[in-house]
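Each of the next two complexes has subunit A plus one other chain: subunit B in the first, subunit C in the second.
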Partner chain A sequence: MKKYFQNIAIGALSLIKGLVVTFKNIFCPKITLQYPSERQSMAERFRGLVDLRVNKCIVCSQCVRICPTACLSLSAKLTEEKKKALESFKYNMELCCFCGLCEQVCPVSAVYLNKIYEVASFNRQDLYIDLLNPEKYVKFVNPAVK
Partner chain B sequence: METALKESKCITTEEFLINMGPQHPSTHGVLYLELKLDGEVALGCTVHLGYLHRGMEKIAESRTLTQFIPFTDRLDYIASMNNNLAFVLAAEKLLGLEVNARAKYIRVVIAELNRIASHLLGIGCFAQDLGAFATPLFYCFRDREKIVDIFNELCGNRLTYNYMRIGGVQFDFTKEIEIKIKEFIKYMSNKVNDYEWLLSGNVIFLARTKNVGVLLKEVAINYGVTGPNLRASGVKWDLRKDEPYSGYENFQFDIPTGINGDSWDRYKVKLEEIKESLKIIEQAIGALPEGDPTVKAGRQHKLPVGEAYMRSENPRGELGFYIAGDGSFNPYRLKIRPPSFSNLSVIAELVKGCKIADVVCILGSLDIVMGEIDR
Partner chain C sequence: MVKFLDIIFNTGIGVALLGFISASAMFLIWWERKVSAWIQNRFGPMRVGWHGLLQPIADAVKLLLKENISPASADKLVWWLAPFFAVVPAVMAFICMPFDKNLIARDLNTGVLFMIAITSICVFGIFMAGWGSNNKYSLLSAMRAVAQIISYEIPLTLSVLTVLMFANSLSMQDIVRAQSKYWFIVYPNLTIAFIIYIISATAEVNRAPFDISEAESELVAGFHTEYSGMKFAMFFIGEYTNFFIISAIAATLFLGGWQGPFLPPVVWFLLKTYAIVFLLMWVRWTFPRVRVDQLMAFAWKVLTPIAFVNLLIAGLFLIKTR
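Entry: the complex of A and B
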């Protein structure tokens, strides 16, 4: 009988201890953001979608070679001044693992990863991106974010 | 009346099989357990694997070493940094590369931070498996979020970091990151006590975990169980102490061990390890050597003809990478020794005689990740 009441006392004490912890948290500042109306700003090094500064690219193909999932492909042409120029630069977002290796190997910082992270789409074709198209990511940028 | 009694004496019970998973919230991934039951008591279980198989080892044979680092993130996706570390250590061993002191220290800080994050998630999910809905898990997630934020600022991603490089790391610590880590150490030291109050002292938690799923020392060793699960059974084995790598020999820390090897000990060892990890981080961040730890990703390494095996202490146990080179840029063969595979294989021994609810408790206490089991 004594043990019975002892157990109840220990149980009640442990409950109070737990409640103290939860009580302390009532006065902590709120940390939940009301997404999508509230958003966290992305870190400086955040790795979003692969993007291209077209005029900087020297067509060295290092990004294509390093890509572990082969999601980048490019073709080059010769300009009238006999210089290499981009003819096409395709990016298959479906395969991309956002590792950022392409950004790191680029010697002229032409390839970079932008800050877009809402990349869901109803259509698979939306995920095959032509990086030379200046309006390629318009559909992924939520107007509320701007 | 008499005939009814006679008939009731003739009623026989029989064992039956029940499928637990693959889509089950408490199986921590796509794990399929075939439970053999007698009423509510489990007589044994068969584990079916392969739902998350992606052929990592075969993929490695057509990738260079640097290209394979992002794939190691996806083995044990809760402790990606530790996977990165184990892989680059194996690659460096094969290539015979030396790493500078600052890179070693940074690796230790990052690996220990990820260990804390992993254990927090392990404890939170374990408590939720026992029915402590939301509260402990949310607290654990809140604290883990601080580590994830540090990693996000450091390397730009929150789960799959791809941070370690062969011969160093991707980015050096900035002053802000160092300050954030120091602040985290202070913050977390206080919070650990909260977990003690919230879970360790709770009678329901104690009743659900004490003497449930007792893993004997001998059984654990025979099955190749490693990490906190082995230490909970009373075996003082930690690669950071017994086979130091990446400069762990320079730090003072203890190896927490359990006594009985039950679910409670497995939980307690994880909680104690968080405290020890905080100690290591504090020592490492306070004595960061000077130098440039960064390595360019574009550098390709030609593998020598030969082989190397390197193991390191992951949050879940001993993660080993075996790499065989044949003189080309890609490995001839890459073998991964994941800790969760051995830790899970012991479950057939543990569930014998347990109730179904205890099977969930045991599974939660083993803290497995299917990503590295199926790989």
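Entry: the complex of A and C
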């Protein structure tokens, strides 16, 4: 008989403990974000889309050679001072596996992976990117907020 | 002529009650989603209307527009009738719901009995849905629901009986008036009765932690697995209306109903009801589901004996004091 009531008392007490925990949670700050208007900042080493600092590039083609999916392609030209310069730098995002090897191999940190993560598109042409175009990623930044 | 006016007046009451019921069901759905979100550190619905207040209306429109699919092997008549059995008794229970001193559709002199009787009919709706669907999950869920609701009806009725002994009446208004001095919950016997009532009422409306008849992990969606569109919505409305009813009965029987200082009586009634609604939501989003055997053992081995002993002590107390 004693055990019967003891069981009930212990059970009731544990239930109240649980209720206290959830009641405190009601007033906790919310951990979800109101997505299109509020955004999370991406982690420092987040691997987004391949990007290029054009004036740093020495046209060594190491990124093109190391790319496992061959999504990068570039062509060079000679400037008047007989130096190599970029003529075109194409990036096929459709093939890219975001491994970041191009960033690692680049001796002058010209190629890097940026923080853009909203990369969906209705048009396949949007995924073939000319890295020399300064406005190449405008269409991917905050597509939901107009 | 008088009879004609009477019909119009009664229809008006009916329409007003139906309006209140659907508005309250929608509000409860929104409130439930909000409370669950807050407990889980989320926002809940935020997009449709102010803090998602119009979300239930959007959902209702969606459900109205959905196709009404009936399973090929269903028992058609039973299957079609089940949603009505789920909603109509819930609506009928509002007949003797005392919102205010005079705001009550019919103050039956057997009001409490009527309430308990009419809310018990909901179990037919659930069983018909389970049987008519011709689906193993639905049938299993319906069997569980029937066993559960019938078992918990006993402690629930016994705890209500304790109140009736104190109030000396079966009429809802008389019970509220009997609490003009103190709310019934202050008596130790009735505090226990209140706890028993709340627990068994939670089981009665199939809410967590007693939602084994809708256990998603075992039974898909339980008895309403095969229902879509407006039929599903009717089950939903019935569920939330029943939820409101049990909270309102608890507020009336134990917390003094519409009585209270300063504020208008209707506001007091709704405040108390929604306080109990919040309590039950809080419980739902805190505790895990119990097992079937635990559920039955709890009803028969814990709640029923305690309710009986409580009733006995209450009777002795009343004999002593009167």
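Throughout what follows, the second predicted complex is superposed on the first by the 113 of 146 C-alpha atoms of A that agree within 3 Å, B and C clash if a C-alpha of one lies under 4 Å from a C-alpha of the other, contacts with A are read in each partner's own complex, and residues count from 1 in each chain.
In this text, a residue touches a chain if its C-beta (ideal position, glycine included) is under 8 Å from a C-beta of that chain, and two chains touch if they have at least 3 such contacts.
Bear in mind that the values here come from a model prediction, so they are computed numbers and not experimental data.
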Which of subunit B and subunit C A:Q62 touches, first, second, both or neither: first
Which superposed partner A:A43 touches (first subunit B, second subunit C, both, neither): first
First, second, both or neither for A:S121, with subunit B first and subunit C second: neither
Touching partner for A:L101 - first (subunit B), second (subunit C), both, neither: first
Which of subunit B and subunit C A:L113 touches, first, second, both or neither: first
First (subunit B), second (subunit C), both or neither touched by A:K30: second
First (subunit B), second (subunit C), both or neither touched by A:N133: neither
Winner by number of subunit A residues touched, once subunit B and subunit C are compared: B
Common ground on subunit A, meaning residues reached by subunit C in one complex and by subunit B in the other: 15, 18, 21-22, 25, 31
Contact set on subunit A toward subunit C in their complex: 8, 15, 18-19, 21-23, 25-26, 28-32, 34
Complex contacts: residues of subunit B adjacent to subunit A: 63, 66-71, 73, 135, 139, 142, 145, 152-157, 160, 162, 170-171, 194, 197-198, 201-204, 296-298
Subunit A residues within the subunit B interface of the complex: 7, 10-11, 13-15, 17-18, 20-22, 24-25, 31, 43-47, 62, 66-68, 97-101, 104-105, 113
Of all residues in subunit C, those that touch subunit A in their complex: 35, 38-43, 46, 282-283, 285-287, 302
